[in-house]
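Down below is the structure, laid out as structure tokens.
In order of appearance the chains are A, B, C and D, and numbering begins at 1 in each one.
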Amino acid sequence: MQRIINNPDNVVPDMVQGFIKAHPDFIQPTGHERVLKYAKAPIEGKVGIVTGGGSGHKPAFVGYVGKNLVDAVAVGEIFSSPTAGAFYQAIKEADAGKGVAVLYGNYAGDVMNVKMAMEDAEDDGIEVKTVLANDDVPSAPKGDEAKRRGVAGEVLMWKVGGAKAAAGGSLEEVIAAAQKAINNTRSVGIGLAPCTIPSVGKPNFSIEPGKMEFGIGHHGEPGVKITELKSADEMAQMSLETILPDLPFESGDEVVVLVSGLGATPVMEEYIFFNKVEELLGEKGISIYRPYVGDYFTSLDMMGITLTVMKVDDELKGLIDADCYSMGMKQMKI
Amino acid sequence: MDGFKAAKGKVLVEGLVKTIQENKGYLSEIDGAIGDGDHGINMNKGFSLAWERMQDEDLGLEGALKTLGQTLLNDIGGSMGPLYGQFFRKMARSLKGKEEVDAAAFEAMLESAYGAIKELGEAKVGDKTLVDTLDPAIGAFKGAVESGKSFSVALDEMVAAAEKGKDSTFDLVAKIGRSARLGERSRGALDAGAVSCFLMLKSMSGSVQQLLGEE
Amino acid sequence: MQRIINNPDNVVPDMVQGFIKAHPDFIQPTGHERVLKYAKAPIEGKVGIVTGGGSGHKPAFVGYVGKNLVDAVAVGEIFSSPTAGAFYQAIKEADAGKGVAVLYGNYAGDVMNVKMAMEDAEDDGIEVKTVLANDDVPSAPKGDEAKRRGVAGEVLMWKVGGAKAAAGGSLEEVIAAAQKAINNTRSVGIGLAPCTIPSVGKPNFSIEPGKMEFGIGHHGEPGVKITELKSADEMAQMSLETILPDLPFESGDEVVVLVSGLGATPVMEEYIFFNKVEELLGEKGISIYRPYVGDYFTSLDMMGITLTVMKVDDELKGLIDADCYSMGMKQMKI
Amino acid sequence: MDGFKAAKGKVLVEGLVKTIQENKGYLSEIDGAIGDGDHGINMNKGFSLAWERMQDEDLGLEGALKTLGQTLLNDIGGSMGPLYGQFFRKMARSLKGKEEVDAAAFEAMLESAYGAIKELGEAKVGDKTLVDTLDPAIGAFKGAVESGKSFSVALDEMVAAAEKGKDSTFDLVAKIGRSARLGERSRGALDAGAVSCFLMLKSMSGSVQQLLGEE
């Protein structure tokens, strides 16, 4: 395990400490050591945005705390849901009396902990609503969308929900916008080399050299097929063939594209992959309204790439265009 | 009446903590076969922390169960934090205001706990989870009480059914949780949660029998 | 080679195409296929900022083209200097009549190509001055600083030079500020796993599992020692012990810290490393004026980390604080 | 006077292009031992591209050398692009306005080329680079001319010295360029640039002898 860590059991607190020190301008600790908040939260008159999940997905989840994005985040152990207590605290930190939208991913532990946290928050008189991201196409067949995992599409859900809240949207409007974002979003991932949970010390699955795992999950959940390692262009094509018919995305559509590395992927390769995605979408008459290429949602040190496509209408375009400022996403008009 | 004083019930929780501490390695080993090998670690972390918090407190059964549930919920995370957290919180809540814990109160306690698990986790019998232990155990307890058996005998029948339920998970294919990913390969191993649930029911039964004997 | 590429000989054009498509809002192609420019360059009344170097260091070099940073960049093949022609074209694209500052790294090929390009540009009546980054401490002993390589300190040099030019500085002032930045900057790198040039197909050096190479260069140039793999905290300590006495940095100093992954490094680990750097600097009475943690200057798919520290005075602080917008660095007041 | 018409000199460049194309694999193989194995690839890419650009053009020696230098400079990059690029650009510049290329003109051409290499690359004799070929080769040519030998003989002595110089790199430790990183391990192999420089001087000598014979 060639890693830059100390005690493998302490990667989360070590990372959280480093993160707080690195971003004093917009990140603040809270009374709960697994909850961080935007320095200006709660923001008067604004719906609070909360998310959270297991660690190891940097920039997700802490990296999206910031201006016009997430107000407070619950941080879990590596690949393990944060506690209900952490979600509860995050909800309290984000609440400015206009209600709180918890925008998170569809994983059993997170679902249970959020449910518990909501009960406690509601006992405190805080109105809480949720959107559950389920953008990962290969994780369940069409028709069974409710079972799908949330992956990098969560980033677009936070962007949209965060912008809607910043624009003064009510809790219902924020939830509706975030839900629309995720309903219009589809993702798929490809793994080229496995990841290792530091406290375990060895990869908990394997991908043979010369092979790749198509449809892999963000924790190494098995994909839909193992194939020969393909070229970047072929990977782009396979990814689009999985994503496009599922919504479906059609000629004339405008989309936001988000390409993310999985942790050990050089950014150069993400651009090479995106280059083909853009070309293929163009051939299908689908135009990219705004592209994101970078490390937006990773899986420890996994080598691989994910593609996320969101169909946008005028409302989503406006929300996607809004300025924002966090470690994982910074946007401004120039 | 056949029962024990709730005020003396902290020993039930003490027993649970010891059971989990003693079986930490065993539970992780079982989880290692078809899960990620951390069940004993997760459980031990939560139960030990809870005990630290309550050991010097003058608590009855309700208070001890509540502290245990609260700790699991707030300090463990993952899936087991909320599942066992609610399990014990709901047990505590069902005891509210009760001075004496008789078979009916114990049954209500188990039912509330099971209700929380069902509501949160949505697992069914046969999914290869702790529900495969819990469901037959409660059924056996209720059946025994209904047919007029004593609290103590009902407890014995509960433990026997829990053990059978736990063993039944060996041949099952996991439908829920982490090992569900393995599909057919999850057959031929016990479910870690089913084992921990059995060990806890057995421990509680032992503690209650002890208290009943003292009355 | 588990990589997301097409023909290994085409990684540079594939990446450049993807990069242009991904950032239409601030990146523009030019008449030279290996030269990209900031969409608004040349900017009337502003000194032009140019850089360039071999590819494989993403975000460097193209990722620093943007607002208040670099105006035009020359892109080389993997780990190989851009041509003199590319540097010349970049100089022309950046020139608005106030002269051009070429801020680049101390590598033989780059030095020769820039020299040639300057002659041609001067023949055209463009005033060109240069700053040669040499921040990599282990690459030559103290006293022989002129031989040192330029590494991640280049990012701070661009930030400072770019901000000075944007603030209306003359060519002399821009050069003086950039030179001050690099004079005040020291870096060191640690490699944990080697990188592979795609067209070569296998690592051109090796690092055994369980070992690390301290003082490694950005192309795998041998470090000063190979040691057992240390903890993140020990790596931070070794790095500071190399950097601090060299300038020297002393109690009471204020510094900018830049931690960068080398390509395959999960961002989580960069924060774990930074956490200790901050602590150790604090113990020495050195305070961090602004930290940067992320992938700022990489080496293909190398696993490892670099630490860069720059001592700042009031001028440098002001320039470091200026807003900027590029793929590799975005900064704004919030 | 002993010389050839500059207008006919494009054949010198044609010869250089063929030499590099024929030795592409050999040069890369040599570079592979202590460099990164791309010297033949880099050189072939530049020389072939230059020839494509000039083959249909009616060029004299100056124009052909200039196109070659310009192409290396503008399309190759790395270290060799500027080094050999300037090498040939400076050769071209030294011929400006000359109709006849005699030994003095050829010597001036070599001197300009060497001057460019020294200015840009700052390598010294013994550093294990193409300078180890070039320096003795020019010295031999100058010596021969000074002692009254013919252009043709001077060329022969130049090639002989170039070959000796090239061979001398085998035992040297690299002080500059990529192989310098290897330190002592760079000993016991030829330097790729020294070899390409020798092959080019030999090729030019052959082409000039051919032209001199035709006069």
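Note that contacts are C-beta pairs under 8 Å (C-beta built on N, C-alpha and C of every residue); 3 or more make two chains touch, one makes a residue touch a chain.
Please read all numbers here as calculations on a predicted model, not as lab measurements.
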Connectivity without subunit A (remaining chains kept where they are): B | C, D
Chain whose mean Cα position lies farthest from subunit C: B
Euclidean distance of C-alpha centroids - subunit A vs subunit C, Å: 29
For subunit B paired with subunit D, centre-to-centre distance based on mean C-alpha positions, whole Å: 85
Whole-Å separation of chain centres (CA-atom averages), subunit A against subunit B: 35
Whole-Å gap separating subunit A and subunit D, where each centre is the average of the chain's CA atoms: 58
Two or more partner chains touched - positions in subunit B: none
Junction residues of subunit A - those touching two or more other chains: none
Contact graph of the chains (line, ring, star, complete, other): line
Every chain pair meeting the contact rule: A-B, A-C, C-D
Footprint of subunit D on subunit C - complex, ascending: 76-77, 80-86, 108-109, 112-113, 115-116, 197, 200, 204, 221-222
Subunit A contact footprint on subunit C (complex, rising order): 2-6, 11, 14-15, 17-19, 21-22, 25-26, 55-56, 58-59, 63, 66-67, 192-193, 207, 209, 212, 229, 231-233, 235, 263-275, 278, 288, 291, 293-295, 298, 300-301, 303, 305, 325, 327, 330-332, 334
In the complex, subunit B residues that touch subunit A: 36-37, 73-79, 81-83, 85-86, 120-121, 176-177, 181
